[in-house]
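What follows is a set of structures for review.
Two complexes are shown next, each including subunit A; its partner changes from subunit B in the first to subunit C in the second.
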Partner chain A sequence: MERSEQQYIELYNEISALIKQKSCPVMNAVRDDAFRAFSSLGFPTRKQERYRYTDVSAAFAPNYGISLSPLDITESQYIFPISSAPVDLSGYYNKAADPSDAITALNTALVHDGILVYVPRNDSPESPIQIDNRLLGNLSTMLNRRLLIILESGAQATVIINDKGWEHTPDVSFLTTQVIEVFCKENSSLDLYEVEETDQSCSRFSNVYIQAERYSSVRHNSITLTNGLTRNLCDAHLIGEFANIVLNGCVIGSDEQHTDNNTLIHHVAPDCQSEQLYKYVLDGNSVGAFAGKILVDKDAQKTSSQETNANLCSSPSARMYSQPMLEIYADDVKCNHGSTVGVMDESALFYMRQRGIPEVEARMLLKNAFMGDVIDKIPLRSLRDRLFVKIEKRFRGEAEKCDTCRLCK
Partner chain B sequence: MLAIKNLHARVGEKEILKGIDLTIADGEIHAIMGTNGAGKSTLSNVIVGNPAYEVTEGSITFNGQDLLAMSTEERAHAGIFMSFQAPIEIPGVSMTNFMRAAVNARRKALGKEPLKSTDFLKLMREKRKLVEIDQRLMNRSVNEGFSGGERKRNEIFQMAMLEPTFCILDETDSGLDVDALRIVAEGFNRLRTAETSALVITHYQRLLDYIKPDVVHVLIDGRIVMTDGPELALKIENEGFDWIKNMQ
Partner chain C sequence: MGEKNSFVKSVVKKKYEFGFTTDVHTEIIEKGLNEDVVRLISQKKGEPEWLLNFRLEAYRYWQTQQQPSWAHVTLPPIDYQAISYYADPTAKAKNSENKEIDPELMKTFDKLGIPLEERLALSGTAVDAVMDSVSVKTTFKEKLSEKGIIFCSISEAVREHPDLVRKYLGSVVPYRDNYFAALNSAVFSDGSFVYIPKNTRCPMELSTYFRINAMNTGQFERTLIVCDEGSYVSYLEGCTAPMRDENQLHAAIVEIVVMDNAEVKYSTVQNWYPGDSEGRGGVLNLVTKRGHLRGVNSKLSWTQVETGSAITWKYPSCVLSGDNSQAEFYSVAVTNNHQEADTGTKMIHIGKNTKSTIISKGISAGRSQNSYRGLVKVSKNADGARNYSSCDSLLLGSNCGAHTFPYMDIQNNTATVEHEATTSKINEDQLLYCNQRGISTEEAVGLIVNGYAKDVLNKLPMEFAVEAQKLLSVSLEGTVG
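Moving on to the complex of A and B:
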């Protein structure tokens, strides 16, 4: 059988000249090396520790067309195409990313442009930066997305990335690879939100790499409301002392949805804090996976780290895989991890039904309540309120159309 | 109002109710007394339709309707309310949202429009005063961090909100000190109308000092073995259950 990587190798040989022509020097500088890395790595198999729960090869097997259309970016003071960046990116682009990850390598080889969020020293955008990704078209398409976020010393920013599926014919499907690299300099602070509301025809492979310097603070929230197959990897490196990282996630699964979150929090420097809370509510035949590793280097004394994964399987055929891991080489640290997989609290359901609340409604209230604390932790009030509404609608099974955008009208 | 005939029920493989006959007329209060494990809580759970209990024989009719054919929530909509022996904590669901869902579900079942938000909050305020329950509890999750007394008072508050016609007080007195017991009992008495019927399940006479029963039943080993007036409760308080067991 032909390996699914073969078609990507052929694709690259065929169109790399075109990609390079549409791209820019900083991206082209690493392209061929990335392609060679991909060719020798091949797609990860489920035997590889970080890919145990998702069959990558199968997801990349269909023959997708590749999109090389220019990005539709409204440039602002803080947002630029990578191809016309106001600063030299050679010290950043592909520097936080893991060269041994085949999906990152493939993305680096195929991506022709990306988005740069650049916030200068001690600056902070007045309102959150929003990036909307819409998957639409009449042909099955592979999209390779690249995002670079650089916060100079003392800068602050909130970035919200919305992934939306769109109306399309049933035979059309989408495959997205995404690499986000985040550089948070001393004393900077970033809140990064990703909200996925796609559909069963969408596969998403997202790799996020974060470098947090001294006294910086990074919060990453990954929210999967509807999707097809989703694999989110997040590697966060605390490289300067007193840095602080929060990774939160919530996943609502139903039908045949598959969502796999894989995190690594790497404490390199001493006196840093990290915190993770991932919650899943799985219904139907959906599958969820969470694997989170906390790695504490020998010199990372006084590390404080907390990892929690709590899951609710509300149907007998939903499946959850949970794998919290600690690897600690320092001796003066405080690290905790915990994982639970539970079913709906029958006594609470009965109590609510005795008060006249119909079973469906009671289940919805309990699922909502379960997700509540992840959303409560979101500091941005407007987003928090919007997510509460979205999540409730999701549990009610109401399809959501956005009220603001022109395509929905 | 309520007619139970030859009711048998079990939990898992264990038969607990072994043929209960009980009729409660409109406006009557019946007390059920009995030792631990006699089946008192099973009886109340079967009446409200707890899915953990299985009825194997017999019937229950409520205002002429076949109760056993109705879902738990339909029974609630028909006017049945149980004050739980151990009220359940529901983290993350606020008292306000919980009550709003319950009140509006019942209204919907009765063909009424849902209450407007302002009217609902006004209703909450009125009923809260009636049963003397603290406002700060309303902002919390259901029963979360409530003391034993607060939980029981919260049951009576919910009763006030839902205005049932048939109430089961399942060991409402357990875990309550005398003052709390009095407040809860007075709350119940204030709420009842001439048509309200109740089944009061208790170990002790104490509660019956405040909620006066018309009829007292003794439940032993899944059967009602004795039925008499309120004086029976007093006799049990003084002499225990052994003399009744010895008569069997």
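Moving on to the complex of A and C:
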């Protein structure tokens, strides 16, 4: 069998000139190196520790067309296309990303433009910044998305990224690669939300890289409501003292959905805090995977880190992999992780049925409450309320019918 | 601060207590590994054709494999041709008229606290003493055979109970299992064979003591324990080696078969030479241990105290095939100086209503690296499976590392799997409390560590628990500062 990477190598050789022409110098500067890195790395196999649970090669095997159409961005004070950035990006672009990750390299090679969210010193946008990615049309397409978020010292921002994809014609499938680089300077604070509502025909490979400096605070929420194949990687590096990172995620799986969350929290500087909470509810034949590593360097004393992964398999053919890891080289730390895979509390179900709540409804309530732990942690009230409604609808199998809210418009 | 510095100064280079060598005539075969060596080992042991073929197949498979590198240890390159695969310290006695055991050997085992004369032995423990590649003596064999229990070296078992050995050898750990299992299957020498017949409770603890003595040799022992329906046995394993500057290779296989309603308790106190404080020498302990719970209501319990070895690569595992079977894994792993340990367990739930418990305590000091690596797998038909895992790591000093790599693979929606892990250092309040009461910091650390490991030490048989407690304090000596 021909290796899947071959068609991308050929594609690049064919269209790199065109991409470069549509792109900008800061992106072109790293493009060829990224392509060489990709050609030598090839797609990761399941033998690689961080890709154990997702067959990348198979997802990239079909022949997709590539989209090079310009981005539709409502420019504002804070949002720009990378190609017309108001600041010099050469110190940021592709600097947080992991050069040894093949998917990041492929994205860097093929992406022609991206979005920059730039919040100047001590500034904060009044309302959340929303980025909608809508997968529509009648051609199978590969999309390479790039996002750069820079918060200068003292800045504050909330960014919501919404993936939607059920408005396309049948028999069409989409493959998305996404690389998000986040730079949070001293005392800055970022809330980043990713909500995925796509369908069986969509594959998504998202790599998020976060650099948190002194006293900064980053919160990343990844919510997978409906999807096809999803692989979310999040690498967070706490490079300044007293930085704080929270990674939360919830996944609802049914049918043949596959969701793989892979996180790394790297404590480089001392006195930092990190917290992770990932919850999965799996139904049908869905597969869930969570692998999270907390890496504490020798100098990162007084680290406090907590990692929790709780899962509910509610059908006999759902499958869950959980792999919470600690790698610790400093002695004055407090690191915990916990992971559970379990069944619904029979006594709680019984209690509700005694009080006249039908079993189906009782199970629904328990599932909602289970997910509630993650959603409750979202500080943005309008989003929190909206997600509660969406999750309940999702469990009832009505997700697509939501058409009243701003998020779904 | 003064207090702290005085401890740094007082770092005592505690000698490894069992580091002496025995001067005994040992017949060692030529270094190197090839098919002829495999044939020679087989011939020396007078083995039947089927076993030679088993060895040869394993050897051929091993040649096609690569040494694994996924463990969190820095395994030095091993030159498999620079090792001698068979060393027999009893050869002289075998060739002469006098079949008595060489008094030097007797003395060695006396010194190790393992008297080979039955009248001197601790009551209630039968011992199989293995030095290098050969079993020196098995005590209380006759007494055990009255009950139908077979306890002897595996070479003897091959000669006297070939059917049993043939039926079970390689049935739990096939030679294709992994690189080191293939190597062991090709060149294994002595180890113990235990067979407990139906409805028998073994009246005494069975024990094997492994000793590496000769230079540039490896020990490749193989232990096979079969516990038939309704029976019970408690088996202990201990090991030491002399101090040498080169690494010594130890690649063992332990296979345990547990039938209906039977129970096996397997305890190890591993005290191979850990290398010196600079990280020179020490035993490379690369072993495969696995139990197969074939019967309903069967039970297997692994308890291990790992204090020795330069490198430990060891995952005593359980395959829970029988319905309602139960497995337990209790481990304390202590690493100091440059030691590296990557140890844990695999619990594979296949039968219904199976239950497993994992309690692992890691203690790292000096410049050592200590990792827990474990797998809990619940397969599709394992309805009602239950697992509880708890892995705690304690760090003493800022140059060591403690890591946890648990893997969970759940395919059944009625399973309940819990895992929790913590990493921390010794609580300063506890230290202060002890200091206030006139207990020195070093002693206080010893107390706290012993308390921390108590969950596991409590599971050890009495004599072992005392030894393990002593070992813990010795291994950690000089780590406070």
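Criterion: the second predicted complex is superposed on the first by the 400 of 409 C-alpha atoms of A that agree within 3 Å, B and C clash if a C-alpha of one lies under 4 Å from a C-alpha of the other, contacts with A are read in each partner's own complex, and residues count from 1 in each chain.
Here is the rule we use: a contact is a pair of C-beta atoms (placed from the backbone, for glycine too) under 8 Å apart; a residue touches a chain by one contact, two chains touch by 3 or more.
All values reported here derive from a predicted model rather than from experimental measurement.
Superposition of the two complexes onto subunit A shows subunit B and subunit C fitting side by side, with no clash. Looking at the shared chain after the overlay, A:A348 reaches subunit B, while subunit C stays out of its contact range. By the touch criterion defined above, A:G338 reaches subunit C but does not reach subunit B.
Applying the stated contact rule after C-alpha superposition, one finds that A:I357 touches subunit B and leaves subunit C untouched. When the two complexes are overlaid on their common chain A, residue A:P170 makes contact with neither subunit B nor subunit C. Once the two complexes are laid over each other on the shared chain, residue contacts for A:D373 go to subunit B alone; subunit C is not touched.
The partner of subunit A that touches more of its residues, comparing subunit B with subunit C, is C. After superposing the two complexes on chain A, the closest approach between C-alpha atoms of subunit B and subunit C comes to 13 Å.
The contact surfaces that subunit B and subunit C form on subunit A in the two complexes do not overlap at any residue. Taken in their complex, subunit B has these residues touching subunit A: 48-52, 71-73, 76-77, 81-82, 84, 87-93, 97-98, 101-102, 105-106, 109, 141, 158, 162. Residues 70, 72, 378, 380, 393, 395-425 of subunit C touch subunit A in their complex. Those residues of subunit A that touch subunit B in the shared complex are 345-348, 350-359, 361-362, 365-366, 368-370, 372-373. Contacts from subunit A toward subunit C in the complex involve residues 49, 298, 301, 311, 313-343.
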